[in-house]
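Here the structure is laid out as structure tokens; the discussion comes afterwards.
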Amino acid sequence: MASEPHHWRGTEPRRVLAPDGSLVGDPDVGLGPDDLRAMLRFMLLARRLDRECIALQRQGELTVYPGFEGQEAAQVGSAMALGPDDFVFPTFRELAAALVRGVDPVQYLAYHRGTWHGGPYDPRATRFGPICIPVATQIVHGVGYAMGLALDGVRACSLAYFGDGSTSEGDFHEAANLAGVFGAPTVLFCQNNGWAISVPTARQTAGEIWKRAEGYGFPGIRVDGNDVLAVYRETREAAARAYAGEGPTLIEALTYRVGAHSTADDPGRYRGEDEVSDARGFDPIARFRSWLLAAGHIDDDLLAGWEAEIEEQVLTIREGVIAQPPPPVEWMFDWTYADPPSALAVQRSEVLGG
Amino acid sequence: MVAALNAALRDALADDDRVLVFGEDVGRSGGVFRVTDGLQVEFGDRRVFDTPISESGIAGAAVGLAFAGWRSVVEMQFDAFSYPALEQIVDHVAKMRERTRGRVDMPITIRMPAFGGIKGKEHHGESPETFYVHTAGLKVVAPSNPGDAYRLLRLAIADPDPVIVLEPKARYWAKAEATLTLEGPGIGIAATVREGDAATIFTYGAMVARCLDAAEALAGDGVFARVVDLRTLSPLDTETIARCVRETGRAVVVHEAPKTLGLGAEVTACIVEEAFDFLEAPVRRVTGYDVPYPPATIEHRYLPSVRRITAAVRDVVAY
Amino acid sequence: MASEPHHWRGTEPRRVLAPDGSLVGDPDVGLGPDDLRAMLRFMLLARRLDRECIALQRQGELTVYPGFEGQEAAQVGSAMALGPDDFVFPTFRELAAALVRGVDPVQYLAYHRGTWHGGPYDPRATRFGPICIPVATQIVHGVGYAMGLALDGVRACSLAYFGDGSTSEGDFHEAANLAGVFGAPTVLFCQNNGWAISVPTARQTAGEIWKRAEGYGFPGIRVDGNDVLAVYRETREAAARAYAGEGPTLIEALTYRVGAHSTADDPGRYRGEDEVSDARGFDPIARFRSWLLAAGHIDDDLLAGWEAEIEEQVLTIREGVIAQPPPPVEWMFDWTYADPPSALAVQRSEVLGG
Amino acid sequence: MVAALNAALRDALADDDRVLVFGEDVGRSGGVFRVTDGLQVEFGDRRVFDTPISESGIAGAAVGLAFAGWRSVVEMQFDAFSYPALEQIVDHVAKMRERTRGRVDMPITIRMPAFGGIKGKEHHGESPETFYVHTAGLKVVAPSNPGDAYRLLRLAIADPDPVIVLEPKARYWAKAEATLTLEGPGIGIAATVREGDAATIFTYGAMVARCLDAAEALAGDGVFARVVDLRTLSPLDTETIARCVRETGRAVVVHEAPKTLGLGAEVTACIVEEAFDFLEAPVRRVTGYDVPYPPATIEHRYLPSVRRITAAVRDVVAY
């Protein structure tokens, strides 16, 4: 059997399914068969779309693209655990979560096509914040948003995604500490995929990430991020605590970045192929699919049907992406201020004038 | 001025229940300069609260709160202590409206005691305006008197866009009668605080009072310098700047920040662009020096003095 | 019996002496009677000098001054535990530690007199870094210095002081995380004095500060910061681990800020007098003195002799401080660059010219 | 240019065993732009090492290492990612020498890929020079070609003072033959890269090539513009700036940073101070706009174009 990814060492993560798909926990995480099937379908769609995006980038249709292969369970499981009023603050790698949250993938990919920054989709309507590049900064936004929910007495929470590397930033800490002090209804969701570009988790921190929570006075949880059921359950419980006024939770989901950091990256420079092929033995989709098959929730026919549907869906997205023109140049000026100063109006007309 | 700022916060909290006031020591103690005195008692600790020492967290939380529909008025305890928040301010506070194509406003007010002149410790006398004026998406105001302080702070809070409010700490305790009202010129409008036709002195913050002293001294010698209080540093009131130079032909810019890429550089460039043909002498900059803000016992040698200002005005007039 | 300061709650701190001066641990921390006496003498001098500084400020001879009454054990105990090659990175409140390290108090107080910023003393010669105002920034310097020691293979460590409030800053976290990753020979020494200006520790963080260490992968220790023997022992052990290549230690020393945050502060606005008078019941000097008396290491005559000496010492310092003139104005320009650009030379002559 | 920078680091590491190179992904992977390629293998992971994602930590560690006698060359992975380090850079890197009255040098080099033009993501196309040029105690260089890149980086590393090195990422892969040598003009010396007498274009970084293109286009129409590559942004080479304006009477400043308080403001102010009587037309600034750096598909409309540059030169010449 292939060895576990390096950064999974240490405390055993919580699990429902063992890597081979066998049960090691209670599979009743509160999802009916339809939901379970939807979960797998999202994961399959996400993977197929992710690969398409890499192709699109190679074909010059997208700018640098950060793939997430291997992280489908972490993203889909956590995003499905949230309610419609909950708000997600993502990094740049959460396309799978965006799909679950109903963000239009064509609009989402406008970001990577270079037609708009931040949130080309409507972050308010989708309750999915803008794509965020400066690592860890969005965690603070998640906490601030949660403070706002608490002030409003709304029964909802925020969830901020971030990577293992992002936990080294001051903003991770300030966010976590503020969350603790204000008892903010928020979930700090770390996808520990073993790498921050070329730096392995062990060179990012000498501790275990989930253990940081205690120092902030709230629960920290280590979950197998490639076990979608466990991810779902833990996130759901964290959200439930938030709804109940019990404050934040830090979740460290152990997963693995199978691909490159982005299409601009060459992982051959810093990690061996063995590690990657070993990690493929822990694939989140294979694990969940094999259990669903064994449990009789899906069968090969269904899977074949999905495959065809997903091909079509991805083709449509592909076409939508390619059809996107560059934005009108005046957009550059139109949202900097609600009420632009006159000097900016002059600059705007200079651009439009030629 | 402290009373005017305090009144502005109180009235804003009373008028709009989405307004929040938070920062280090702003609650129970009422702020190290007492600008938030009494607000927590009056509005409760839900709306006026202390935070941990976490400037990036404070600015970032304000961003998240804006997503949730709250209007944050945050305090950075001193000028230099806004630097840890710079990433949040530049990357998010300033850009979020653009990043979301106008879907998410950032009605955030970032107040800070600014500039020097109070024999403060290190990092307590910085003039950080260049960082914020250069950053697209922010507005920056620097009131010099209680009336402006009240009005500009209230306008800042009401503004859908983020506004940095630089409060000249050296003027906090200056005695001045003022009617506190929202009526009056908005953000972006400079004020001619003394008439004159020999030259225009452009300035802001605590240096306004000093420039008025200088103008008074010059007037004794028959040199009548106009003094313009810029009040808003971003966007600059280029119209007033250009008009004054057209009318007086000569200009001096006075500020505490170091010279190189201090606001004086932008004012000068703006004069050259908008009033070149009327300019009869080089623009002179009377500013802090290009060194770290010095210790208390010699800060008066760093800050523009009446002597340096009058000398510069005489220079441009004699040119 | 007066109740313990609010922020001492939670995990019991390590102790040698109970608050009443009775033994609860092994008093043999590796110090002979002379050292023990020197320790008390430093504490007495520090307290007397601290009070003098407050008087000097009131008399207009110093600018705003941050007193440290109540924190003498935390500072003297930790500073005495260091070897001559170890390097201290202080905040703005470590005059007692500076005394122990041999920093000339008159030069030190030049800072508060407003005659120079940073380190008016020689930080290299004294191995005591410049006074540092932007909270938590100096912790990173301590870690960087320690990384340098490790690179040089020198058997020494750095120690950075910081307050409870400072632990909320991103820089605390980045420093601690770097220290863990690089196994830096450093001691992160937190004086938790219960207050950060007007904010009590409980509103600063929802966790216990010493517990943060586990998340960074190194030991965290909670010590009674008013028990000078325990502080000494724990710091010494932390330094010994550092020397031995075993990396960093986080020490949370529970102490209490008896006075105002600084001479500009009015604690009456945010804390009750009861709390302060209760805290006086935990005075670090009284505790240590009573044990030394009981153990026969000192007697009343010695103490009386010291009192007279210290009066004289403080008077000399006072006179030295008052005698300090403002610096030559050209100093403003003379150290900005090793090789000042010509424009700066012009500015310098403008100033000197008038 | 990547090869020149890489050679500079290699030679500096080889010449002085107190030199360290560290930052995010600079070790094993050799940097996202491969500027540090091969250095870890050659000099070992004691001297060339990866850090956690911790910009403030990186800058602050360099300060501590300077106390311990080490000479750090750190990388901020991109321009905008230097913002989290601003407090450390402004409060300590820039001021520590002054704070210790010259007893502790800060021989720190902070490298970063800067400016736009590579269709990068958000926060990957910033021009942060204003923040650093305004900060007393720092030097700032921005080489435009491999020869300057090699020399200025080596001089930066050898400098006892902190130097910010802004590497124009759009020129990283530009092919150019260059002899890599330490011989040549030092920090603070601009270069006239094209002669001309109708006007002077002052620029730096990736815009140098574009200004040369503009000058070439203008020459076709008989307008001979001089092009000056400032190379060092702090301290500015005011002598060369003044001399060129005295000789050509007209000036245009070109940079990618937003206009307001971009370096063009300082260059303009300097021209006014040093060469007012020779100035025959207002200085024109051709710059990025006062908006956040735009997305890839429209960045070419934001960046100064040959058309905008030539138009500005024609304007000042026709004035």
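Should a chain be cited, it is by its letter among A, B, C and D, assigned in written order, with residues numbered from 1 in that chain.
Basically, contacts are C-beta pairs under 8 Å (C-beta built on N, C-alpha and C of every residue); 3 or more make two chains touch, one makes a residue touch a chain.
Model, not experiment: these values are computed from the prediction.
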Those chains which touch subunit D and also touch subunit A: B, C
Chain pair showing more contacts of the two, B-C and C-D: C-D
Most widely separated chain from subunit C, with each centre as the mean of CA atoms: A
CA centroid of subunit B to CA centroid of subunit C, Å: 36
Approximate Å spacing (C-alpha centroids) for the pair subunit B, subunit D: 29
Averaged-CA centre spacing for the pair subunit D and subunit C, given as whole angstrom: 41
Length of the line joining the C-alpha centres of subunit A and subunit C, rounded to whole Å: 44
Subunit A residues counted as touching two or more neighbouring chains: 116-118, 134, 168-171, 174, 177, 181, 203-205, 331, 336, 343-344
Shared-contact residues (touching 2 or more other chains) in subunit D: 52, 54, 56-57, 80, 83-84, 87, 91, 95, 98-99, 122-123, 136-137, 236, 260, 289-292
Chain contact graph, described as a line, ring, star, complete graph or other shape: complete
Touching residues on subunit C, where the partner in the complex is subunit A: 167-174, 177, 180-181, 183, 203-209, 211-218, 247
Subunit D residues within the subunit A interface of the complex: 24-25, 27-30, 32, 50, 52-57, 80-81, 83-84, 119-124, 259-260, 289-292, 294-298, 301-302, 307
Residues of subunit D that touch subunit B when the two form their complex: 56, 80, 83-84, 86-87, 90-91, 94-95, 98-99, 122-123, 130-131, 133-134, 136-137, 234, 236, 257-258, 260-266, 268-269, 272-273, 276, 281-285, 289-292
Interfacial residue positions of subunit C with respect to subunit D in the complex: 87, 89, 116-120, 122-124, 129-130, 134, 137, 140-149, 151-152, 158, 170-171, 174-175, 177-178, 181, 331, 334-339, 341-344
Complex interface listing, subunit C residues touching subunit B: 63-64, 92, 113-118, 131, 133-136, 165-166, 168-171, 196-199, 203-205, 264-266, 269-270, 326-327, 329, 331-333, 336, 343-344, 347, 351, 354
